[in-house]
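Below: the structure, in structure tokens.
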Amino acid sequence: MDFLQNYGFLIVTMIQQGLLGLSLYFPLMAGQLSLASPGFYALGGYIAAIMGTNAAFAPLRESLGSWIFPLEWLVAGVASAALGLIVGVPALRLRGIYLALATIAFVEILRVVALNLSVTGGAVGLFGVPQPFGFVDRWQYVWIFGPLLVLVLLFTARLERSRVGRAFRSLREDELAADAMGVPPTRYKVMAFVIGAVLAGIVGAMSAPFLNTWNARQGTFDASIAYLAYVLIGGSRNMWGPVLGGALLAALPEVLRPLQDWRLIINGLVLVVASLYLPQGLVGLFRRRRAAPLARPATQEVAK
Amino acid sequence: MSAPAPSPAREPVLRAEGLTRRFGGLVAVGDVSFDVMPGEIFGLIGPNGAGKTTLFNLMTGLTPPSSGRLRFEGRDVTGLAPHRIATLGLGRTFQNIRLFRGLSALENVKIAQHARTRAGLLAGVLGGAREEERQVEARAWDLLDLVGLANRAGEDAGNFSYGDQRRLEIARALALDPKVLLLDEPAAGMNSAEKHGLTEFIRDVRARFDLTVMVIEHHVPLVMNLCDRIAVLNFGQLIAMGDPASVQRDPKVIEAYLGAE
Amino acid sequence: MELTQFIQNVLNGVSIGSVYAIFALGYTLIFSILGIINFAHGAVFTLGAYFTYTLAVGQFGINGLLKNVDLFPNGSPLGSSVPGFVLALLIGSVLAGLVGVVIERLAFRPLRSRGADPLLALVSSLGVALVLVNLIQYLVGAEIYSFPADVYGNLKPALVLHVGEKLVVIRTVQIIIFVVSMIMLIILGYLISRTKIGKALRAVAENPGTSSLLGISVDRYVLYTFFLSGFLGGLAGTLVATSFGIAGPYFGVTYGLKGLAVIVLGGLGSIPGAVVGGIVIGLAEAFVPAEYSAYKEAVAFALLFVILLVRPQGLLGRALVQKV
Amino acid sequence: MKRALLVSLSLGLMSAAVAQKVEAPITIGVAVAQTSNVALLGQEQVIGARLAEKFFNATGGINGTPFKLVFQDTGGDEAGTINAFQNLINKDRVVGIVGPTLSQQAFSADPIADRAKVPVLGPSNTAKGIPQIGDFIARVSAPVAVVAPNAVKQALKLDPKIKKVAVLYAQNDAFSVSETGTFQETAKAQGLSVSTVQKFQTTDTDFTTQVTAVLGADVDLVIISGLAADGGNLVKQLRQLGYKGLIIGGNGLNTSNLFPVCGRDCDGILIAQAYSPALAGSVNQLFVKEYRNQYKKDPPQFAAQAYTGVQVMVEALRKIDKKKKLDTWNLADLRVELNKQILAGKYKTPLGDVSFDREGEVNQKDFYVAQIKMKDAKNGTFVFLK
């Protein structure tokens, strides 16, 4: 029990950062390097913090009770999807590092706007965010972040085996060839981008009560780069990569806490060494070298 | 053995009207017009840099034309996005092979069935598309069988030999369920035994899938043997068109080829 | 807008912009050769300032070896502290260049020789930045260090021009930074377009594979690039520090993000582009009306977003045509 | 089912906490930003807290028993602060916490300490709403509203002809944003006209745009709310570009870190202080002497506030110990008792006489306005103005 008290927050943070890593993985499935997640994360958090503290929502809170929280997640998801569409449609014409830079710009613009609005609490941000479902301890958030992670992993595994997942992969492999084979690139790039945005938005909405407060420092350039590191260190070609990378890199500074002044120096060294010596990311260490030959399913011939 | 001769009464399946593409000052394709009749095997030859691949790119929407029109089954498809044209029924292979190299052969063929399937995001994730998936899978195996690669379905496309990659690309293009198949140098990199088999294979595919075929090829004996009609491009201009024998005798063609040597 | 206000805005914009530009020069140089963004550049920039400070003013134990160096025993025309400072500046910048070399050897070359995903270089350089910044913090703390006011001799701190009733003002340090960044641009331009090293560098940038076939040692030239970038970064860091002081280990890092906007706007990998991009962003920020000054921070990124949509290769970059 | 599990887990936790005995030596937690770009402030707090530990242990500890400070780095972010707090509460088993550095961090981590019933003293959290986070949250850092008006009045005393004012503030700093509000209200209340309001970021270094706007508005008083690095650069650039009038610096500029930044140009700035090294009380003079011995300069406000935070905890513990020996308490009860005692006591600290209201808000008697006098380009002093 002491263990949960002491490390509960960290464990949930690991799940949370794993989810944020995954939010980058979806666009990456379609070959799009987007660093926009912190923007949607911040948006989701603000939505939850505003719905949780703003007087305008008091009647809604009264009448809904704890149901306000799922509603916050829903609103955050929908709002992120809408913003994702608005940003994604023009931005996804860009490729590679240019898309990454455009999404960084998006995150930064959003941050400055949040810093200046009064509904977001300006520089101080919003505080006293109410706790869902009578949660008291931080580890209890495992009851919402945990199921979300499981759901998202199930979703991803199913997605990868579906028609849409194949379309994503074809875009990552060769956008032009995919286009010539009947896969509409823009449609699926935007879809992948929006899935990532919705996930980041929902994680943000769950995180505002988790952190008790929300402010413009939540969605920054630093976070963009951190999430990218999750994906690359964990492994970008398998859904477990970002989860593992996010969890481990979030835990690293805490694991190194006993080193005191040296902890961030070592943290940096670990990043360097990991990027040098784990070319396939962490999951590359576990992956079986070669898949077994595919077996043809026993079905009757489908007449053309 | 021999293909049914194109009946003159039928509408052309493809009609190019003055297709032109300029890159800066260079005219890569200049005012090219031709008809391709249903069921035909239509050859496109010409020296290197004559604009053959550019013409394919114009026809499949990868490069927008500077001017001119392309009609497919009577419908104006000029300027449509590549995936739209592919969906209408124009499948192609690439001169410098563009398979999804990191994906398995089976995946490559499954992906090209995208346009002929419907399952959306939710159906795919929630399992509402099982029957469709089963059909996609089965058809992919059939097509791999057709090109003789079913025993290597699980291997990454990038690991295949040159000739196998060309065959896989054809299987992938067929998976689109096209009405017209555009083959860009299908014999390049194949050994002579493979080349020999290719003629039979293309004819067989045409018959089996009721296709029209357009083929860019350098290997002259193959072209002469395979094609019903041939068009010759030089410096982006169409300099001759007709049945293999007459094209072979055409002085402009001889000059173009000799001049290019 | 009044004329004086306009002139003042232009001066403000150019002076802020030249700080951005001088930061971005070394940043973009590495991108031009390797196509990667070196996140450690901000830390090298900071380090350069600390090196020079240590040598010229000396509080970290070396005790200002060069503090009293006097190259002009009969009195320098600029003031007694200037020659010592310039010498310290050069040595400090060389040291920063060497740090750049070490970074290349330890954090970039292993990735390159393996042909790894270029994005990994991003993470690796991020790690290096984390190490350097926290190492500085560990060694010298988060305190603010400032160069003495007379490093540039007894120049007046600012130029004040009277235009009718109104004033137009600019700080001397800003003029120095602008002039130096222009000089560095010219030297760099000469180096790259006219010298043998420059030609080899361009060849490496065009096509590393072919260059090595032609007998150009790619690794060596990449090393030169990192030295040059580090040197420029160190020099720039010191110059900016003479204007604003060294505001702790994060001093240079805070320019990293704005620097990205600068080099993209100018054209990734374009050296004149870094200067043009810096000054354009500086001007754009200076012309934000006072009532919207809160949104000034977003201007650079709004510009970045727009330029990416309209002209992704940037103002001075070359368009890349994808081959089918 | 799930709910039942939750309840049983929570009950288990509570009973586990009840069973813990107080371990010797008594530990007090300090959670401030020792890394990140907030470390400039956090490092001063570490120094202040260390001095307090040394001084109070040298003067008998807690009635003869020495106590120990445990430091946990919060970094600059919210998650790091929660981790630091969790470590202090559960692993280090501290009786109370002094920290964190930023108000935003306090909004994040203080609720956790409050729910765990661990008393927290904010050494530098000045935003509105901090003591209201919970019963266990108090602060020794006075909110800005009290400090700012004095400075404006002082400026008017020095130069009664002042009419037009320019106000500048760091828009991304919570403290500066609320401080500038008070400054602007005060200026208006004193009949001054606010000619221009300029915003900047604490990470900014170049202020030419803001300074030219100020020069253009032709004002005779400039009021700055920011932190040391940005505020110092702003002052320097104001002076270099020819501004001659009075400057008021907000509480964020109340640190000798300002001196190296603006150098001789710092001379004459009026500073609104929540702490002054010049305060005559013997407690403060002892603290100043200790600090000068070790660091060769006057203690900054952040150090004094952290020192005060530790002092308040120690003196409250001494009182409790007199009633009932600390080693006979169990930890949970001691934390609750400590919180009560902190709020009930009166303390003679470097900040002057300090006590708390029921919510945990500090009642600080003395606020100061000082004027900076520079000895040379690097060293200066804050001269107390009556």
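As written, the chains take the letters A, B, C and D, and residue 1 is the first residue of each chain.
Heads up, the rule we're going with is that contacts are C-beta pairs under 8 Å (C-beta built on N, C-alpha and C of every residue); 3 or more make two chains touch, one makes a residue touch a chain.
Owing to the predicted nature of the structure, the values given are computational and were not obtained by experimental measurement.
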Exercise. Counting only C-alpha atoms to place each centre, which chain is farthest from subunit D?
Worked result: B
For this session: Return the chain label for which the distance between chain Cα mean and whole-protein Cα mean is smallest.
Result: A
Exercise. Between subunit B and subunit D, what is the separation of their C-alpha centroids in Å?
Worked result: 74
Seminar exercise, completed: In whole angstrom, the CA-centroid distance of subunit A from subunit B equals 41
Problem set entry | Whole-Å separation of chain centres (CA-atom averages), subunit B against subunit C | 52
Exercise. Quick one: subunit A and subunit C, Cα centre-to-centre, how many Å?
Worked result: 33
Exercise. What parts of subunit A, by residue number, touch at least two of the other chains?
Worked result: 115-116, 176, 261, 264
Problem set entry | Junction residues of subunit C - those touching two or more other chains | 134, 294, 297, 324
Seminar exercise, completed: Touching two or more other chains in subunit B are residues 62
Problem set entry | Parts of subunit A lying in touch with subunit C, wherever the complex brings them together | 33, 90-91, 93-94, 97-98, 101-102, 104-106, 108-109, 112-113, 115-116, 176, 221, 225, 228-229, 232-233, 236, 261-262, 264-265, 267-276, 279
Exercise. Tell me, which parts of subunit D touch subunit C in their complex?
Worked result: 35-37, 39-40, 42-43, 171, 196, 198-199, 201, 203, 205-206, 208-213, 215-216, 228-229, 232-233, 237, 239-242, 257, 260-261, 263-264, 377-378
For this session: Report the residues of subunit A in contact with subunit B in the complex, numbered from low to high.
Result: 155, 158-159, 161-167, 169-170, 173-174, 176-185, 191, 195, 291-294, 296-297, 299, 301-302, 304
For this session: Would you tell me which residues of subunit A are touching subunit D in their complex?
Result: 1-2, 4-10, 13, 115-116, 122-125, 127-128, 136-138, 140, 143, 211-213, 215-218, 253-254, 257, 260-261, 263-264
For this session: Give every residue of subunit B touching subunit A within the complex, in rising order.
Result: 60-62, 81-84, 86-87, 91-92, 94, 98-104, 106-107, 110-112, 114-117, 119-121, 123-127, 129, 132-139, 141-142, 150, 152-155, 172-173, 175-176, 208-209
